[in-house]
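Pasting the structures in now, so scroll down.
Consider the two complexes below, in which chain A is the common component and chain B and chain C are the respective partners.
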Partner chain A sequence: MKNRYTWRTFSREFIALILAAITLIPLYLLLVVALKPSKDLFTSAAVPPIPPQWGNFATAWENAGEGGLGNAMLSSAIITLGSVAFLVVLGSLCSWVLARRPGRLSNSLYILFLLGIILPFQLSIIPLYVGLRALGLVGTYAGMILLWTGVMMPLAVFLYTGFVRQLPPDYEEAARMDGAGTFRVFLRVVFPLLRPITGTVAILTGLFIWNDFFASLIFLSGTDHQTLPVAIYSFVGEYVTQWNFVFAAVVIALVPIVAFFIVAQRQMIRGFAGGIRG
Partner chain B sequence: MRRVPWLLAIPAVVLMLGLRFVPAIFSGGYAFTDWNGLSLDANPVGFDNFVSIFTSEITRNAVFHTLLFALFLLVFANVFGLGLAMLLHRGLKSRNFLRAVFFLPFALSHLATGYVWQYIFSYTGAFNQFLGAVGLTSWQKTWLADPDWSFYTIVVVLVWQYTGVAMIIYLAGLEGISEELDDAVAVDGASWWLKFRRVTLPLLAPSVTIASTLTLIYGLGAFDQVIALTGGGPVGATETLATLVVKNTFTFGQFGYGSALALLLATIVAVLSITQTSILRWWENRQ
Partner chain C sequence: MASITLANVGKIYRGGNRAVEDLSLDIADGEFMVFVGPSGCGKTTALRMVAGLEDISEGTISIGDRVVNEVDPGKRDIAMVFQNYALYPHMSIFENMAFPLRARRVPKAEVRDKVERTAKLLGLTEFLPRKPRTLSGGQRQRVAMGRAIVREPQAFLMDEPLSNLDAKLRVQMRSEISNLQAELGVTTIYVTHDQVEAMTMGSRIAVMRKGVLQQQGDPQHVYERPVNMFVAAFIGSPGMNFFQACLRSDATGYSLELPGQTVPLPDDVVRERPALAGYVDRDLAVGLRPEHLTVASTGGPTMAGRVIRSEMLGAERLVHVSIEARPVLTDEVVEAAADVDPTTVAALADDSDERQVTLIVRASPSAHVESGAALQVGIVAPQLHFFDLESGDGIVA
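Right after this comes the complex of A and B.
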């Protein structure tokens, strides 16, 4: 019975491959149109253009968003990496405390973090805008990193705390016996043990922050710190149906995630499944 | 033995309270004022904002669209997601590749891929070209400008983007079902449907709860897809609560009214997701 490759398995595989091809049609069209000359835009969407207009990418790179797509990519990278760094450091430290100091206080805090995950983000967006505006942080990297660190912290703490609770405290105690201080214990013993869940936290929060359009539109449109989705949005506003240039910009904007996906799709999917099941 | 100092938890706790709970409370407060976002004083207006929401046809329809998007996404993403998971689950050589392909639309910027769909459904776009090529010229439509059809174009995009997530959750659930059990049922000669109904589905109950709650929440928050495809039009036919929150607050400067819409959306999300989770948990326990 075990895993023989029968004709039934083959037909399942065949159907799945056809469905996968259908799923990829929009991405195929994206590539084809991104390489079309402007005069052929409204005909033969599915036929690859000869010769391909590689110059479309240069046009998009220079003109999309404030200061070109390079600028937007840099903004996306700074905001995403900065927020993820804070989430990992502050989230893991907090969870270490919550997991190792059981009691009423840590339980109540843990429940607050849980509620923070459930609380819809849309509810907070207007006061967040008002608050960051009062602090002069709208349209700045610091403001966005602060925003995302706070907004995503409940998820980070939830994932980390579940993981730390499963870790036996023996290693930490042994290191203490050897005279290591709190920070040394954390840095040398605890944090390395958290590596699998750190990957999950970084992937889940990083993907959300990188792709976010809702908050980024509100906080960054019209500034020179636009992230990629906001830059694409404003580029579409200017180039309306110049689909070849718009799609060239979209292709460039998707490259970092596709590259990351190819390198780390297994960890990403596993992290995603594990994260939401946790 | 020294203990882990509480001090280390403070930054995360402060950030969580300051950026999650305090704004939520403020939002609840703004919702009952006429604040314009700039002036120093805001007048309390009681339930006026909510009365306006339910007396205006645009916003009433937006509530309706928000619920319908969530319903369509919930049903299709879960049916297709479970179907794909069962298709891929055992013995396929290209399993990992296929899993990655189906998950990819979710990982890519929903706004960016939304524009690809805008092009596909535009009048001169790929879909009408395809209909023309196969001789169905009479079926060609201005999909996005047609109040009857634009709604469904967004449903298609939502399902394309989120089916992979549901599939991942169901695949993880299927991995928890032992092969021996599967084989034992197969040897018993049970029909495929009976096996699905009596063995697979009950064991997948926790995955059903997670996947359907997640897709429900995603559907209720639909924003990027609407902005990319229709901007809420034509004549409000695809407007959702999320798009109205942003438009009213940041385009029209109605911070009080926008907060009331946000509070309504948050209440709908909370009530529906909690109700749905409780019902599904009850069903899980009966299995």
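Right after this comes the complex of A and C.
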């Protein structure tokens, strides 16, 4: 049998390995700096510290933000999961109606949602702040969830509507013929069929909300509901920045995301690639 | 079980596009009615109006004694089998079949019992735990049938349920569906564009074109007595042969005049169709089914032609014979021909240029014909069909 491992294959693999190594460099630097003592921060940044300062993680965990990194992580999780849940439920329902009831009103509403994607939400930060304050929601989880549900809804509706339009209406019609009411049709038939796009919506909006710094800084300053990016920022001072603690905190903040990806990657990839199969 | 009545039913879409016009049909309890016609003829729209999936713009639809125009699809007590089966991909076969029962809040034990009984009837028991994507086309089709049967509806609606299957499986499923329908005795409306399916399955067929019902009746009647050129061209495979001729009358009787030859008509032909007398010295369309033409003389009238080729199909031989005549290229014939095979339209156009018409003769497999040879094509005169060239209507009475 002919040997299929040629020089061409070898060089391709070699280039791929180099590219993979390049992507690991920031991670390596992240870990190295996170383990350095404060006095060595600006000398030989790429050299691993001896001995490594494992205590940096404990300091970052306890001293970040108002209530430590654990508290910030909990806040980020509540705000992200809460917002994503509302986005998925309301976005899918709204898009189903927009996609299945074509007409002037639904077209206009759809365009309105698209405008929401185009316009940067920072433009509306002052009215949003005034509105949330009037509702007594500034500095609360409910306020942040409401804010993000509104801000990310255009993207969710855009993604869901495109997907529903591609979905053959036969499934819904079959369910209606089978005697299911509107709610049952949506819950038992339509929503499960939206699984691939629900994964996309959850990841895209969830990452944006999890990583957000600006809105959290504006709406959650001075409360113990600070999110991870704001808590990490507390190590950045006006004159001195404790980069080793910042990096240690970033490493800790990465852990749940990486863990989630490792646990859910198979389902996520299946969801993205699966589409609809009758 | 129940009868279904469509009374002057019409469908006008937004923008004024009319899909169905003045459709009136009585479908008896337990009857197998087939709506047949080319794409866009309104048959699926009519079915969907019965299902409740399309609003009814005009007229009324009744199931049993109840007018259902404003009744939700789920409350009409009818089941539908979709063209692509519409099996819920995320549910097992059991869940798929149980869905209509659960939607009606049937007790759990009864759901299990009914689903298992239906699965057994259809040979699906071993597939119950599996997902639809793991099943073959035929098995999925059977599951779709099962989902329709399981709740014992008053009527079945089937929207081209066999069109996604390969030819062999289609023939098998055709008889399975027919047998099942006969066994259950449930009123059924079946939509297809395949006239063979319609002829073999329906206890009655309704031929539609451009939203208008052309003819309805039992398949044999529609085949033998088409009311117009469209029905004549659409029903039958191979389709009816058409050519133009001028009807002449003299002391010896009636005859058809074609370029270069005259075909005498037996007196009976005109006697049975008195309206023909009004067409003397006028052009009309003549139609003949392939089995009503012969390659050997039968003592009746004949036409001179030339064999182009012959196709041996095992049980029969199709002989293509070219005769000198003007082809019939009305909209009806072209539309019916295009639905069967779009390439035949180009062939018809070629005939038009050359003033030649190709007739297909259904002959016995042992018939000896040679390509290029001259042939006197025999005509089974009582089976001649005549149509008005302008209106396309049959000249019958």
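Here, the second predicted complex is superposed on the first by the 225 of 278 C-alpha atoms of A that agree within 3 Å, B and C clash if a C-alpha of one lies under 4 Å from a C-alpha of the other, contacts with A are read in each partner's own complex, and residues count from 1 in each chain.
The rule is short, and it goes like this: a contact is a pair of C-beta atoms (placed from the backbone, for glycine too) under 8 Å apart; a residue touches a chain by one contact, two chains touch by 3 or more.
What you see is a predicted model, and the numbers here were worked out from it, not measured in a lab.
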Just to be sure I read the superposition right, which of the two partners does A:T149 touch: chain B = first, chain C = second, or both, or neither? first
Go through the superposed model and pick first if A:L114 touches only chain B, second if only chain C, both, or neither. neither
Look at A:R176 in the shared chain and tell me whether it touches chain B only, chain C only, both, or neither; answer first, second, both or neither. both
Using the touch criterion from the header, give the chain among chain B and chain C with more contacted residues in chain A. B
Touch test for A:I78: chain B only (first), chain C only (second), both, or neither? neither
Figure out whether A:G131 sits in contact with chain B (first) or chain C (second), or with both, or with neither. first
Touching both chain C and chain B, counted on chain A across the two superposed complexes: 173, 176, 276-277
So in the complex, the part of chain B that touches chain A is made up of which residues? 1-6, 8-9, 11-13, 15-24, 26-28, 30, 37, 84, 87-88, 90-94, 96-105, 107-113, 115-117, 119-120, 122, 124-126, 129-130, 160, 165, 168-169, 171-172, 179, 183, 186-187, 210, 214, 217, 221, 223-224, 227, 241-242, 245-246, 249-250, 255, 258-259, 262-263, 265-266, 269-270, 273
Provide the residue numbers of chain A that touch chain B in the complex, in ascending order. 1-5, 9, 12-13, 15-17, 19-20, 23-24, 26-27, 29-30, 33, 41-46, 90-91, 93-94, 96-98, 100-101, 109, 112-113, 116, 118-131, 146-147, 149-151, 153-154, 156-157, 173, 176, 182, 186, 207, 210-211, 213-214, 217-218, 228-229, 232-233, 236, 241, 243, 246-247, 250, 253-254, 257-258, 261, 265-266, 268-269, 272-274, 276-277
Give the list of chain A residues in touch with chain C in this complex. 168, 170-171, 173-181, 184, 188-189, 192-193, 195, 276-278
Which positions of chain C touch chain A when the two form their complex? 51-53, 72-75, 78-80, 82-90, 99-100, 103-104, 132-133, 140, 147, 151
